[in-house]
Structure formats: structure tokens, C-alpha cells
Amino acid sequence: MAHFSKPAEGSWTEHFGLSTEPANYADSISPEFYALEQEAIFKKTWLNVGRVEQLPKAGSFFTKELDAAKTSVLIVKNRDGELRAFHNMCRHRGNKLVWNDFPKAEVDGTCRQFTCKYHGWRYDLDGKLTFVQQEGEFFDLDKEQFGLAPISIDVWEGFIFVTFNPDPQPLREYMGRMGAGVEGYPFELMTQKHTYRAEIGSNWKLFIDAFMEFYHAPVLHNRQSVSEESRKLAKYGYEALSYDIDGPHAMVSSWGGMSPPADLNMVKPIERTLHSGLFGPWEGPDIGELPPGVNPAKSPAWGIDSFLFFPNFMLLLWKPNWYLTYHYWPTSYHTHIFETTLYFAPPKNAFERLQQELAVVTFKEYGLQDANTLEATQTMLESGAVTEFPLCDQEVMLRHLHTVCRDYVEKHLSNAGAVAAKGV
Amino acid sequence: MSALLPAEFADLEPYAADWCLAAEPDRWAKRLDSTMEEMKAFYDVCFPRAEEAIAYCDKFDLDDLPDDAKNLLHLLFSFALVSYPIEVWNQPLPIDTGSARLDRIREPRL
Amino acid sequence: MAAFPTQFAALEPYADWALPSEADRYGKRITSTMDELQEFYDAAFPLLDSSTEYLQGAPIDGISDEDRNLLWLFSSLITVSFPIECWRQPTVPDSGPASIDVTVEPRP
Amino acid sequence: MTSFPRPAEGTWTEHYSELGTAPISFQDSISPEFYRREQDAIFRQAWLNVGRIEDLPKKGSWFTKDIVAARTSVIVTRGPDDSVKAFHNVCRHRGNKLVWDTKPTQEAQGFARQFVCKYHGWRYGLDGSCTYVHQENEFFDVDKDKLGLAEVQCEVFAGFIFVCLARQPQQTLRDFLGPMVGALEGYPFELMTERYSFRAENNSNWKVFIDAFQEYYHVPPLHTYQLGPNNRDPNAEFEGAHYQLDGPHRVVTTSGSQKHKWPVETMYPTEVLLRSGNMGPWDATEFDSELPGINPGGVKRWGIDNFQIFPNLEVLIYERNWYLSYRFWPTSHNTHVFEADLWFTPARTARERLAREYAAITVKEYALQDAGTLDGTQLGLESEAFDEYPLNDQEILVRHFHKSVGDWVAAHEGTAAGASR
């Protein structure tokens, strides 16, 4: 029995004009398809690599490993307070420019200039080549021509994005209707930050799949609730308040009966004591009215919105006024790095700090269960024993994600075909 | 501490705490953690008593061994394992084993 | 020297749970026995439960050493609450070899 | 000088003239590309032994077997009607691995009335039928009857459970096993239920380790210690009593190692004390009935039959009435998982139990020596310093095995090419 209303078409899936046929995951088990995704998606779209708070002053920088775009990028704030992004590569012989002990480990810090470890070439904060070791030994070297290779960079609501697309759509336009709908959310107030990282043995899309549907939550995570509540949840199953799609982006809006719970006996002792849990501290900070795109169904039962900004940036806004981000960075067709950051308003006292700690720890308990199933899913999909899988209406956003990826790849192939044809 | 082994085998008691091990992986680990001198001492004491020890265990039904007899049998398993370093290899591991491992993953309950 | 404010003296035997990083707190949890976790939980939980006002009066800015230790110990209690209240085992069920590691966290 | 009669052609190898006597290449053991072809042509086509009927002791018993080389994991079940069935271990909903214990990448076993997917709670009966879809009304035109687990062909021979991952097996299991292996039907494997199991992860191609167990030419030099303290003859030679090939399968029968008849002073003290050793417990279990299928060459003073059942099962039947099985599961072109099981009639006394224990210890000691050489062999072969290697008449089974592997790959690819035309 439905608890929340569905669109006139009878299902979300049909409402968005998506197929109701069984899906296949050929896009998640193929090295060839991953190679195409790298070109068609990760080298074409805007990618969120961090927040402006990571670059507090002139000379602040961080690096980001982007295997999916086959590069490492260097993001820096220049003397004028503007952000710049470069391929993290010395113009001389292609050495990785900025790194500490391990070339593959990301680094951050503050500096006046960048010096290559290999031959000592130096670059300023705008990427300009300022010093060449034994310049006289080179032949007609014009330093003006040998700055760092720049990358397009832009900021949306304090989130720093880069793109390798030589002719990118403006970032704000790329973020679309759903991006516009959350503009004005006070992200800048939430500077208390916890970041987690995991190496996952599955295709990047499979973990997004797990976080874009909550159909699994009452089953896989059943022991997170006290047993009576857990039985009730399993019986009800899961229904979203609403779903939305805008171009490649998607969102799911969910109820949140746990913050605070209607009945204190529904939750565990530590939650009763700290007035906190999965949904965070029950009494969040006052941040005024929420932007219009949050809780689009305007449901009083609302608890959390999960946005997927294509391809790999998820933004979750929680009712008690905090947020978290998920990033999925592919490293091969069947591995990726998963990053989560939880952002809160800075706690004023030890009790608030502990309330936030409980939310953070709870995320990890859930996340470990989700992460563990993935490697096995990947191997079984690769078996090819079954190739068609039914998806239910609460899994509508999986359908959308896989469809969008295939569309991007097909468009890339037909463009490449057109270019090749023109070349003939 | 109360004795692990039947009173008749008090001379083996000093080895009981270390070598009465019910599972082969534990016995194997103990062998690799032991010096040749330690194993030789255990072997030398155990060997002349082994026949009597077996006969003692066989006074009972194998499925219904008293605890001290069960301990004695576990000690004999360890003795059998240690016989290889002492009699055959003259070192704790088989010769030319390289990096190979072979783990026992199933064995009879007793 | 006492690690905690005087009214939390009962926690002194558990001072080794006052660990400043989530990685260490989780690590200690999964290498402890259920008996050890239960004992710690039983000792610390009632004190947390009755200390809301005290903790709300302990500002994060300029926090004292004793209060900071208390904060770390109660943070450990939070991670230990899961084995005690939900899982009945130190690790998360069905989490197998998966790991999720903290890379940035507040101090305190 | 030969101790045993040889075929009229003078050698076993020439007797089976299709084998040739030329040096052979071990390219098939070092090439990632050839391994991929084996995966399709052999591990996804041949009947594979995944367990014994003793692994499924009662109705509702199940176990999983990860077959990396066939890129799958299977669940084998014993249903309410006692029938043994196998399924791909994958939930029909989103492809999750259905049955696992704490680690998804580890095999599991147990007893159940049904299987429940941990992820979304779908349920399946022991016959693979889908019995419950969580929130079924959220799906589109689902028909539970069509959402059962993907069944895998499964047959049992003499208590050995085999699966075949081809959708349409080319042969029944019995036809595949052929007359030589098939003759073992009726051998009392089911009486030998006391089991000692070992597992190892080895750094070599799976065939390289099989090769070590299908020739005894290496025994005198590598296992000099096996013969006892006073028998170490550096010039000792080995001669198999009988070799026989049947399709892709083969056997070598050895003779003369009836240790319980040797003089006591040639043996290790503990062997004598425990009356056991590398040939097993000296005091054999007596069987009332005839033992079918063994000693196919009619060798006098029969010792061991070493049946090499294609592709990756080896069964060694000993004159003292116990048996050993080895299985070799490739995990990449140069790694594999090795499983060894010793099977005896249940010990009735502590003395019998100790004799079995000593036999199990002995197998491990010598298998560790065999495994210890593997890294080196694989590295040597991968150096490609030589293109070809000479094989002697005592290594006929090695020659036959690599030829069979090559033949299977060629035949499969020929059929596939024919089908695609």
C-alpha cells in the first residue's frame, strides 16, 4: 500500500519517460566502456574537487588525483584571491609537480611558488614559469610560452569545480534547475568537517546505485533500529516523498521520522541520551528558511534530500540543518575511491560535539555494510550468469544514471564518428 | 594448577600446557614457534611413552574420551607432528618449502 | 594525574579510551572483547546520560584538558554503543573486509 | 632396465602415438591470453567437481563454491526431495552475491530452508525458485515464476558432485568421464567419511602443480626423505607400473611402495610406532565387496591408482583402502587455489585416529615440498629462456594433459567460430 502519492502516470519511472524493462549492467563490467566513460564523461563534465574553505588565503593549494580523467590537478588561490587550476605537471619533462612523500597521495598546503623536485623549475601562483635552472643551456626558450597547463575552474555555492572540456557550458547553467533550487543554502556556515575515504572493489556507478535508492535500507540495515521498529520498517518497506530529474542530474527526497522520533522507545539508548542519530542532532542550528528546491514536495514528514549532480557528486541536505557530500572517483572499470565529508555548524560545546560525533559514527556503520556488498556484486555481475535485472519504481534513479552514462558515451561516439567522417 | 593429563603420564605433564592443542593449525603454529631444542626435548620424553599413551586412550570409546585422555591424544597429535622436524628434516619446516603454505581447513572433531 | 574532571573520577580506569582520533577509537573497539566493551559501556553510559548540562557548559573554544579527555572518552562510548546496542559483536555485521577510513576530522 | 612390462611399441608414449615424442612448449602455462581462452573453453565447458555428497549431509544442506576461472560462484543445495541442484550464486534482482557468510569473497556452507538476499531481502527456495519479492507492487510486470536463480547443470557420480557451466553441456557427466573413470562406480567412497582438508594459494599456473602430481620422476630427487633414514639413494629411479589414457583423462598406477612390508630399520621411528606414513595407515580397513575400477592395468603388487580427471580433479586410491583428492582452481594465469582432502573410514580407536593423523601430517610435509618449487618453476617458465622442454616416458601424463588442454581450447574455438558463421 502506498503511503505517499505518486505522479499521475502511476509510477515515477513512467513519469520520467524511462523504460520499465529489466536493466542490464554491461556498462559496469566492461574495461572498454570505462575507457569511453573517461573520454565522454570525466573529460567533458564539471567535476567537484573541493570547497572554497580548503583555500583560505593567497598561496593555499591542494592537489586532486583524477584517474578517471587520467591526470592530477593542482588548485591554488592566487595573490588576487582568484582560484586557478592546472595540470599538476612540470612543463619541462612532464614530472608530477606538487607532491610530498608519495606521488599518488594528494597534498595540500600554502606556498609562494611551486618548485619542481626534479630540475628545480619554478612557477608562480598563476602558473607562470618564473625560473629555469641553467636557462642558458636551453635553446631559444621563451619562459612566457612554458607556464603550467591551465584547466577551467569555477565555483558554485562555495563548491570548486574543474572541467577538461575545452568549450564548457557555464557551471551555473550546468547545475541546472536543481542546482538553482538549493542556491542560498548556508553552506559557508558549516565548516566543522569530517572526511572519510574508502577503496572500493566495484564500478563507481554501483555504489551510487546503492545511495540513490533506499529500497535496501530496511533489509540490509535492519539492525540499526531497535527490533520492534525494525520489524515495522521492514513491513512498510521504503517509499520516497518525491523524485526529480533535470538533464543528467537527479534527486530523491525522503521522509525522516527519526529527527526527533515520535516515540523515544523507537531509538537506541545512546540516541535518547545524545538526542542525535543517523539524521544528526535532533535540534539543528537555526538557518532561517530553506531554499525553494529543498523538500520539493513540501512534506511535513521531510527528512533528507539526496542530489546527484552528474557524474559523481552527491549532496545530501538533512532536516536538522547539516549536509554531507559523497564523491565516487573511478580508478578502473571495477575499482573506485569513495569519499564522504560530513559538514556541521561548528559545535559550541562538548555536548553538541558529541551529538555530531554520533551522526558521523552512524554514517560509518551503515557505509561499511553498503561497501562490503559491492565487491561481491561486481564479481557476480562479471560472471554474466544473469544479464537482465528487474528494477522497481523506488530504483528509478539507477535507471536514470545508467541511461545517462550510456547516452553520454553514445553521443561521444557519434561526435567522434562525425569528426572522423569530416576528416576523410 | 590441576593436571591436564592422567596421573600415569605425569612425566609428560610439563609439556601439556604447550602441546595439548586440539586443532592442527595451532599445533603447526606451535611447531614453527619452537626451537629445535624445545621440540627435541618434547619428542625425547614423549616417544618412549607413546605406545602406553595410545593404549591408555584406547581403553575408552573414542567418542567418549574423558578430558584427560583427550588431552593426552592431542598431545600425541603434536608429538606426531614434531616427529618430522626431529626425524626427517632436522629443521622446523620441510626442506625446500619456499614460500608455500598449506592450511588445514577441516579435520575430524577429535 | 587525573585525566577527567573530579565528578567523572569513576572513569579513570577507562582513561585509555580517551583517544583523539576516530581511527584509534574504532581500532580499539574492534580489537576489544565484548566483555571489555560491555564493562566500559556500563561504566560510562550512565555518566553520559546524566551529564548533558555539564557538557553543554563546556565550551569547545578554550576547552580544558580534562574536558577534552572526557570528550574523547565519550566519543569512544559512541562508537562502542554500536556493538553493545545493535550488533552484539565488535565489528559491523556483513561488513567483511570493507574499510572506511577517516582522513579529516576536527580537533577537538 | 625396466621393472615392469611396457607396451609392444617399447614405450608408453609411443604406444599412444598421437602424443608424439617431441619436446613440448609450456606457453600454455605462462600466457594471460591463453588463460582467458582456457576459461571459456575449459572451465565454462567441462564438468567440474565442486564437492562430495558428504558436503550435503541432509535435506537443506548447502555450500558455495567460487569458481574464479569460470568467473562465477555457485550454490549447491540438497532440496527437500534430496535432489542435488546447483545455481549461480547471484540474486536475480541487482546481481548481488546471494549467499555468503562474513566475507563476500569467501566460500560458505550451512543449512537453510531458503536463501535471503542480504541486500533487498528477496528470497529463494532450495530449488532456486523466487518465493518473495520485497515491495513487489513497486515492480513492473514481474512474474516471480520467471525470477528464479540461474540453474547450473549438476550431476553426481559415485558421490562426487560435478557442475557444468555451459548452458547446454556437450555430454552427460557419465559420457564425459568415459569408461576408465566410469568403472569406479560402486567403489565404496561413501564409507570413507573421516576427512582431513587442506587449502593453499599457490603462485603458479594451475597446470604446473598438476604436472607435479602426475609424474613420479621427481620423487627420488625431491622427496629423498620419503624413503626413510637409511634408504637415501641419490641415483634412485622411478618407474610407473601402468599408464592408461581415456579421452582427456588418464591414470598412472604404481607398485611396490607397500611400506608396511618393508624392514623396520629402513623407516623413521614414528612411522613404525604409529604404523602409518606416506602410503597411509598400514592396518587397512577391510571391505567385504569387490572394489570396482581400481588397478585397471592388472598390476601385481598394486600400490596406488592416480586418476587424473580432466580438467582439475585428481583422485588417488591407495592399496590400504583410503583415498586422496586434489583439486586445482586457477585464479589467474599464474596463481591458483589448491585443495587437498584425505578420506578414511572413521577411526574407531585412538590408535587408528593417530595413524590417520600421521598420514595427514605426512601428506602436508611432502606437498609443502612440492608447492615450494612452484614459484621457481613459474618464474623459470615465464623467463621464456627456452621454447621447448623434453619430456621422458615417465612424464607421459604431463604430455597428454597439455595436449588435452590444447585440444579442448581448439575444439571449443572451432565450434564457436562455426557457430558464428
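We just call them A, B, C and D in the order they show up, numbering each chain from 1.
As a convention for this text, a contact is a pair of C-beta atoms (placed from the backbone, for glycine too) under 8 Å apart; a residue touches a chain by one contact, two chains touch by 3 or more.
This one's a predicted model, so the numbers in the text were calculated from it and none came from an experiment.
Set against the C-alpha centre of subunit C, every other chain centre is closer than that of D.
Separation between the centroids of subunit A and subunit D, computed from CA atoms only, is 47 Å. Spacing of subunit A relative to subunit B, judged by their CA centroids, is 57 angstrom.
For the pair subunit A and subunit C, the distance between mean C-alpha positions equals 30 Å.
Inter-chain spacing, taken between the CA centroids of subunit B and subunit D, is 30 Å.
With touch defined as above, subunit B holds no residue shared between interfaces to two or more other chains. With touch defined as above, residues shared between interfaces to two or more other chains in subunit D number as follows: 104-105, 118. Within subunit A, residues 220, 372-373 each touch two or more of the remaining chains. Shown are all chain pairs that touch, namely A-C, A-D, B-D, C-D. Across the complex, subunit D is touched by residues 24, 47, 50-51, 54, 57-58, 60, 62, 65, 69, 73, 76-77, 79-81, 83-84, 87-89, 93-108, 110 of subunit B.
Across the interface of their complex, subunit A is touched by residues 22, 26, 45, 48-49, 52, 55-60, 63, 67, 70-71, 74-75, 77-79, 81-82, 85-87, 92-106, 108 of subunit C. Residue ranges on subunit D touching subunit B, taken from their complex, read 194-203, 222, 225, 229, 268-270, 273-274, 338, 340-341, 346-351, 353-354, 356-358, 360-362, 364-369, 371-376.
For subunit D in complex with subunit C, the residues that touch the partner chain are 102-105, 118.
Put simply, subunit A touches subunit C in their complex at residues 192-198, 200, 220, 223-224, 268-270, 273-274, 338-341, 346-354, 357-358, 360-361, 364-365, 367-369, 371-373.
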